[in-house]
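Here chain A shows up in two complexes: once beside chain B, once beside chain C.
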Partner chain A sequence: MKISEEILNNISSLSKIRIDEKIKSDLVKDLESILEMVGEMNKIDTSGIEPMSHPLEEADNLRKDKATKEIKRDEYQKSAPQTDDGFYLTPKVIE
Partner chain B sequence: MNNTWESVIGLEVHVQLSTESKIFSNAPTKFGQTQNSQASLVDLGLPGVLPVLNEKTIEMAIKFGCAINANISSKAIFARKNYFYPDLPKGYQISQLDDPIVGEGKISIEVDNEEKFIGITRAHLEEDAGKSLHDKYENLSAIDLNRAGTPLLEIVSEPDLRSAKEAVAYLKKIHSIITFLEISDGNMSQGSMRCDANVSIRKYGDKEFGNRTELKNINSFRFVEKAINYEINRQIEIIENGGSIDQETRLYDANKDETRSMRSKEHANDYRYFPDPDLIPVKISKEKIQEIQKTLPELPEQKISRFIKDYKISEYESKNLNVSKELSGFFEKVAKKISSPELAAKWILGDLMAILNKNNSEIKDSKISSKDMIDLLSRLEEGSLSGPGAKKIIELCWSSNESIDVLIKKEGFDEVKGEDELLEIITKIIRDNSKQFEQYLNGKDKLFGFFVGQVMKETKGNADPKLVNELLNKKLKQ
Partner chain C sequence: MEDLSKLSLIDQINGLKSRKFSSMELTEFYLKKIDQEKALNSFISLNENALKEAKKSDEKIAKNKNSSLEGIPIAHKDIFCIKDQITTCGSKMLENFVSPYSSTVYEKLSNSGTVNLGKTNMDEFAMGSSNETSFFGNVLNPIDPERVPGGSSGGSASAVAANLCSFATGTDTGGSIRQPAAFCGITGIKPTYGRVSRWGMIAFASSLDQGGIFAKNALDAALALENIAGFDEKDSTSINTKVPSFLNEAESKDKEHIVGIPKDIIENIKDDKVKNNFYESLEILKKSGVKVKEIDLKNIQYSLPVYYVIAPAECSANLSRYDGVRFGHRCDNPKDLEDLYERSRAEGFGEEVKKRILIGTYCLSAGYYDAYYIKAQKIRNLIKQSFVNAFKEVSSIMMPTCANVSFKLNSIQNPVEMYEQDIYTIPANLAGLPAISIPSGKIKKLPLGIQFIGNYLEEGNLFNLSNKFQQNSNFHNE
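== the complex of A and B ==
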């Protein structure tokens, strides 16, 4: 599969990763070779095989509905770049 | 109603499940708490934490599935829905794509006395996001993650609805099912039930759907109707003027009663769903489903028929009493304690509802308890309180903290006049109003009402109007 500039820009915007103009042509080559490798796997006949969503068997690792009283907000907020009045602060983002 | 254009509506309803802890963490889910005081390390999306599924959410989803006779999946798989937004710290929402826990089902609604079935495509479990506040700081957004990780059941309907009215009926039905099942408090003003509407129009008879718009986050029954109607008219106007509808997300602005474009689907969000490797698929056994099926409470439709049968009330009354679990419970408590359940239905749907509406209250916040109602109606039944007296007492009961008995005594309503006393009063009134009496005897029948009024005035309403009529009839015709 060919990676066009448009596809590259779309991936960049979806992943919120800025791509330097200078590396774009190299990146396109890399991505194309990865897709080619994945394309190899598409040649395998998987008809009749149930898709696996997880390598582990289905299990009953469920939690009882009990709430903790141990929420250490002030401690958690120490690792945030900016907080005030108990809020986490981010650059203004409005969708 | 428009004769050319048919509207096609599908709803996505998000129901907040009333669990004690969140869906993937043990943080509490209480509403209205201090910012970020209900957000655990898992909800904050810190590196290295792992989600563990709350078993109650699975049970609640199965309950809903059983109630609408839907297929329940034998396994539930959770997937990551990827997008970036500050109130979603992980960068993905854990949701379901393939194998939703609840598959196809059906819900019946009634509009203008006609029953209609609305298909349910699916219902799946997912976590809620946090909240962003944009007006607190000038160049910053303030993030409160208390809501992050709250369990949601998203119920998706087929595009089977054909008017805003049907959409409201459908939403009310979902509301009654989830509240009767007690899987959610259904409180729309607190966001426990939110709704997105997909709306398109097409010419009657057309098979193809038109381009649809998605109306986001509508949070009351009234706004659902208004938002959809606004959107239908907007689309008709555009198409009739030769335009076309863009597939987009629109936000309903209740203040301006209009919808406006939120984000264009041109750059359609590509959520890049994939199975969440942190969560092992949950196996749901037939035994588990059967076990839950057995614990299913009586649902609105079953209650409606039982009330008609057991309490001999009308279908209309039974339906209105079963709009909520609280109201139907209130009625049943009262109906069981007095001899005439019809009287209970009449007073609860009549006077009590009027008082609640006047005070913008719901039955669960009623200051008139079921015990008050039992006391009041028992007095009415035994004839020691008159209808007008009871009306006054029920009003006073709302505004004071006194019991019915105390109020009756205080207001002097415990002196309902007996037959002998009434006859005495009537004799006196006839004597005092001899002119009117003469006119009545000469055929001025209308004056009967005058005499009833005089008696009620004299007794200050402490008389049974039926008895007054009866006695007056006898006396005046002697």
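== the complex of A and C ==
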């Protein structure tokens, strides 16, 4: 599997990770070698097999959907890079 | 005074109870040792309240109000959140992240009376097999400081092997407890998926991640694990079933074992010394009355490719939370929101983590999803079925933990070669089965490990088998 410039730019944009020009060629080489190893999967016929997303069949211990009064916004926002009056700040989105 | 750090967990508990020594003395002993062994780089941060915690434990012991692990100094992999303490996950992204809550694993061990010495070093976001991807520098293997301790829980393994703590917590997504345990010559258990709560354990690949224990021997590991296992309503994948006394099960005389030997895998071990060690270990087991049966584990050879689709896919989703807005690293002077996201993530993540996010994103992207992600999930199902079938005939399965002994720092540059470190450990994660690694000998002073994989929720069986092996060998004390 070849990773073209177009694919690399697409996955970089989808994953929101800027890729430094200087490392692009080494990175592509690594990604291609990983995908080549992953390509081994094609040796096996999986028609009619159900995909398995999880090791446990009954992993759905959901809590009761009960409202609580626990609000710790100030505590949680202590780790935020920038907040103002309970809001998270980002650069301007709408001009 | 004798070297208290060399005592087993069980001997330390007895020593504390009988007032042979105090938790303060034991904790001071370890803190001094950690300071002497700084060069190993096993710890990312130390708990400045360790001695205060020890003092409290001593007070409880004096009043006979001690909990099961009262006063025992331990270390936590820096992936487990502790309220008001920095939890880095080995990443620049979380270099200054102070957690607003504690993980269930930490809470449980704290309630059991343990003293937290500090947080151990690890591969960034648990992605690595050598501890070389940590933002906080690599960890040295205490057995040979030119070599890696394994990964991703390299700091915990190194700390237990160097006697810097009584036992340590770790996590295992594809081998991150068992491989470093093998490289450092100690015991490491990854329990059944869902046995230990993942609440507050920073996520890498949610359908594979599982918390576990590093200890000096199987009995210590059994006792430690029973203190972190159990249902947690905060983790929807936590199994709601009673936790037995693993220590009692480990010591039980009533358990009979039929150990499965996956012939194809064993015959294909490339290193003759590793293969010989496997058969020598098998002889030790046979002497203790364990029965052996050859089995066929179909499709297990596809575990590595399957894992390197599923783990990166889940990691790309899990790590999307690090956006430079709510917590974690933010770049300087972003010019717009896109720039903020892209540069914060490019600066905050290391190269290995970025690589895995990119691979995962690729496998999940339009046009590739079925060919990679769904295909991998289908093979995952086949691999699980192979285990289910095998466990109709045997009570556990034996394999080497690793294909080789610990390697030299910076000696593996090719990503696929590094990923192959985990060929024997990944299958248990894909199926969600419990697995343990125990020391089984040495090649030129470097430890080797043997691995037992058990049926679902049969950790007690694995401890029993491992204890039998350790009663008939001395590798765990060398």
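Here is the rule we use: the second predicted complex is superposed on the first by the 91 of 95 C-alpha atoms of A that agree within 3 Å, B and C clash if a C-alpha of one lies under 4 Å from a C-alpha of the other, contacts with A are read in each partner's own complex, and residues count from 1 in each chain.
The rule is simple: contacts are C-beta pairs under 8 Å (C-beta built on N, C-alpha and C of every residue); 3 or more make two chains touch, one makes a residue touch a chain.
Computed from a predicted structure; not experimentally measured.
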Worksheet entry | Touch count on chain A, higher of chain B and chain C | C
Fill in: Partner chain(s) touched by A:M41 [first = chain B, second = chain C, both, neither]
second
Worksheet item: When the two structures are overlaid on chain A, which partner does A:H54 contact: first (chain B), second (chain C), both, or neither?
Response: both
Worksheet entry | Partner chain(s) touched by A:S12 [first = chain B, second = chain C, both, neither] | second
Discussion item. Let me test your reading of the model: by the given contact rule, A:R63 touches which partner, first (chain B), second (chain C), both or neither?
Written reply: both
Discussion item. One more residue to check, A:S33. First (chain B), second (chain C), both or neither?
Written reply: second
Worksheet item: Does the superposition put A:D85 against chain B (first), chain C (second), both, or neither?
Response: first
Discussion item. Looking at A:I94, would you say it contacts chain B, chain C, both, or neither? Reply first, second, both or neither.
Written reply: first
Discussion item. Considering only the contact definition stated at the top, list the common interface residues of chain A for chain B and chain C.
Written reply: 10, 14, 16, 53-54, 56, 59-63, 76, 79, 82, 88, 90-93
Worksheet item: Which bits of chain A are touching chain C when the two form their complex?
Response: 3, 7, 10-12, 14-20, 23, 27, 30-31, 33-44, 46, 49-56, 59-63, 72, 75-76, 78-82, 88, 90-93
Discussion item. Which stretch or stretches of chain C touch chain A in the complex?
Written reply: 97-98, 100, 193-194, 207, 231, 233-240, 299, 302, 304-306, 308-309, 316, 320, 323-330, 334-343, 345-346, 349, 351, 354-355, 357-359, 361-363, 365, 372, 374-382, 384, 414-416, 419, 430-432
Practice prompt. Spell out the residues on chain A that touch chain B in their complex, using ranges where they run on.
Written response: 10, 13-14, 16, 53-54, 56-69, 71, 73, 76-77, 79, 82, 84-95
Worksheet item: Mind pulling up the chain B residues that touch chain A in the complex?
Response: 19-21, 26-29, 34-41, 44, 46, 52-58, 75, 77, 82, 84-86, 98, 132-134, 136-137, 139-145, 262-263, 267, 270, 272, 275, 277, 279-283
